[in-house]
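So that you can tell them apart, the chains are marked A, B, C and D in the order they are listed, and the count of residues begins at 1 in each.
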């Protein structure tokens, strides 16, 4: 089986061949890895790669895998090159900024239509007793600014758009 | 039976409530938890003997609500209240209310708490008692003219601080005269909005400072002892990140000199309870009184690890009127201890808070010199309403190097999945040659963060292979992998036998 | 880099393999696990750096198979092998094979191991060195005539023991002359079937005996130190159940006298490595050499807790030729420590083994003075092929009472569900007035088991209510209970607000 | 809702009335208990009974509940009185002895047709390096003795019957 993954905007092509009940040969570029696999239940997978042990967690969703290795977290995308590269190679696209955490909006610093610089704070979100500046990912003009000061937002809610 | 209390109410939540409940159980005391709406399933409720709902998630409706807490204490006939840290721990109104209701407050008398609650009042009193303080004004600065005069007298750089402040809010470093007035105005405005009090005072700015604190215990009979210091200079945005004892920066003479000063500070305010005297120490090991925390400190476990003394047990015994069970000469700190504060924050995304459900948890517990004081469990939903401290991972070692290596090992076994945490951040600190050498001050983390992180490229490869395998299993419906081993070992043995020939 | 080894193979499984791997990691040594077919998902494999399958579940095909283990060590270039306890730990053939292959065996020289492996040879050598031994024969008894003569000389009661024995097999207590011959025949037959060796010797039976052992360390340079004793008299069917240090039975003089004898025992056989000298101590505190265990002991953690010394680290350093980092006068045991051996056995059903899947696991880790060395995890299937030790729960306290109360607290937090374990059994021991007073000997558990268990009737009520609630939820489809909290806190807050009025 | 449970051959009748979303009033004999319930996921249930906290595990199967309270384990039967009392009140019934653990049969001590006393060992089963005597629960005559020495048995397997 062949698969393509994207990690940090780089494409990786893997070839997987099952050799034994629990053994898979993984080819990545020039290198081959003999991997013995134990599914521990839940998202835990125990990999024995050429004798080296890696106790990892792989959480799958529709578009990506979240993999925890040695306490670090990797977001591995299943999207094809075209989908990923589209926005990068074309002209500047509209950006939607969603919140990665629930919280309360303390202050809205800019209004719809305002110019923003990349990294400029647009609003302040409070969660866990900390105030966090939510910044624009790119230069542009603010499209929508959804919440008002005092609003509560859930994870994933749209905060603002940059055109 | 124990000679202290039959029942104690713990007016807190999270890891510190769990930690206090554990000592109560060890002492044969019935523990009573209180909880807010979002904490119905919190660990401190699960481990308590009794528990009562006290209101909505908002602290003012629950954990800060004195009436409700006193109401529960009276209803369930708790004889004493332990406030933990934060919330009501340094609120003299709770102390006074307890006195009125005939409930023992496990903490200092209200007067000592009030003095230490004010940065300027405590500075003034310490100056009078000849405790070294940082050159600066003792009172809030009234106007910009006085400000300029004081700054000239002290000499630049100076620092402006909110009188009611804490946690870095309302703090401004002023390097040159021309920045003074604008910084003063900003500091006042920040202080106003953060603490409802615009008062700001001025101090000499200490270069390459160390933040070092001394743990003390004081009983009703006037016995006061010090239990060594904690080095708290590993800070990020004025928040402590990692603490250790003993400080690699101090020598034995300064250590005991600071200990004796800390005892003097406590004596000056007729202190009673466990307490912490914070000092700032300059690069020449000259130390200045900063403030006194009149409660149990987040980082108290490192002191417990080297002294073997349970500080919460001491607090309870002191509150019950028992004299200290040991004298200064009995306290012989042994070895080295570190504490890593594990927060629900994303170190790869500017330490943004990361509340949510813990889908998977493996905490290290085995081996010599390991302690994990956490307030979480697998399946627990970390609420967004409270501070993000999940766990305090503590190690002990015969040498500082052993304690550090043990911490790295424990960190390698700590797996929290579902939310982001600061677990991986500690590897960077612990492996840093400057940290390992013990050669650091409060500027360490900002300067470390400017360095490029030497990520293991190997981890990326493992992640890709793991994703590949997961994808393979998904497409083949798991094929052949023993998802659940329901068949007998004997029946399946043959199938795996072939694997032995793996090179 | 560390000055010992780059890579160590751990020739064991379960909690002890995990424990050794942890120290390897702390020392910067690459750890290599080996595993049998049924141990593919075992914890010791999960925490290792490298791991290799060595064969079928049957120990002779895997953990006892010297060829396979040496094969892996050579293939992965491990410089040393740590045998743990059990399996090959006391097998001189592995030591000799290591010597031949140029691999360091982390243990004693084969000669010391061989002498101590034979009860009669070791007794003979100790008698020669003036170490006190129990009156009795040093050689196997050749015939029934000699048997009767020896028994008369020693005086009844006497005990018959298998020369190759251990774990209580081939043991027979003889109170009267008329039981002597039939007991001798039974003992020989048991010894034959258990150890392939019918040899039996005779000893004086010690009344109200204590089983107390001394931990020693010996390096290549002839330095030998003792690290205090462990009281191991809490036994069930000759198997240790709970160990503690210091022994509540000994006084300081006897303690040091036993320590010095233990050092003499080690010196007599040119010992090197960590080792344990076992003594039986009679009611008058007279002690006799029993045997020497030439390996790490299951109960070594209690010694680590009071000395702060990592015994596995010492073993590795000694094996690497490093001298001991401390001398006798540097070893100052501090406080008290207990260990409970948690087995997969059903205490309510005659301690029947209980292998199977661990469906739910909560192990205590927080607070001062707690250590849990386990080899399990939630979802792990405890195999039926190996010994049933799941975990060693260890506590430390400033006083013995503190250590006991801390253990009771830790036990109250230990939840293993899916298989039966000995967790609840320890509450009975720890709460027993005789145990608490430290007034016990090896007869404690059998006599305690004859007492009626004072079960909490309250627990039964809770169980009924819990079953009722479960049944209610099932019949109403969960109704209203927040099985998964997917809606926002704010949205649901109102629904729960009414609950605050609960009395 | 009314339920009847059996614990150690004693019957208990419970009445359960839901009073709030998470609150149930439990009546058992003369006593009433106000119980606040949190289902923690899996089989974990957090009970607050009149202020007292009980963190229990309840595992349900068709005929019974296995409840873990303070480290102790209770087997609570759903069976009705008649089903349970039947064998006790009638004349001596045939007993089937199944194994509660997997293991290997080391020795069979008695043969089919032999008389056995209550508590007498019939065979020896080895598991986890321990040899365990499997005893007859009652006096009688051995019916079937299923395994032979050397056999491996799985949990639940029938070992022998006593008539």
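One rule holds in what follows: contacts are C-beta pairs under 8 Å (C-beta built on N, C-alpha and C of every residue); 3 or more make two chains touch, one makes a residue touch a chain.
What you are looking at is a predicted structure, and each value in this text was computed from that prediction instead of being measured.
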{"item": "Selected interface, A-C versus C-D, where C-beta contact pairs are more numerous", "value": "C-D"}
{"item": "Between chain A and chain B, centroid-to-centroid distance (C-alpha), Å", "value": "31"}
{"item": "Centroid distance [mean C-alpha coordinates] between chain D and chain B, Å", "value": "47"}
{"item": "Residues of chain D engaged with two or more neighbouring chains", "value": "22, 36, 38, 41-42, 44, 102"}
{"item": "Of all residues in chain B, the ones touching two or more other chains", "value": "40, 47, 53, 384-385, 412, 496, 499, 502"}
{"item": "Category of the chain touch graph - line, ring, star, complete, other", "value": "other"}
{"item": "Chain pairs in mutual contact under the definition given at the outset", "value": "A-B, A-C, B-C, B-D, C-D"}
{"item": "Partner chain D, residues of chain C touching it in the complex", "value": "344-346, 348-350, 352-356, 359-360, 384-388, 411-412, 414-415, 417, 420, 423-424, 427, 455-456, 459-476, 478-484, 495-496, 498-499, 502-503"}
{"item": "Chain B partner contacts - residues on chain A that touch it in the complex", "value": "1, 3, 5, 7, 12, 14, 16, 18, 20-24, 26, 28, 33-39, 41-45, 47, 49, 54, 56-60, 65, 67-74, 76, 78, 100-103, 127-130, 132, 155"}
{"item": "Residues of chain A touching chain C in the complex", "value": "22, 36, 38, 40-42, 44, 46, 48, 51-53, 55, 102, 152, 154"}
{"item": "Sites on chain B touched by chain D in the complex", "value": "33, 40-41, 45-53, 76, 379, 488, 490"}
{"item": "For the chain B and chain C complex, residues of the former touching the latter", "value": "15, 18-19, 22-23, 25-28, 37-38, 40, 47, 53-57, 301, 304-305, 308-310, 334-335, 362-374, 377-378, 381, 383-385, 396, 398, 402, 405-406, 408-409, 412-413, 485, 489, 493, 496-497, 499-500, 502"}
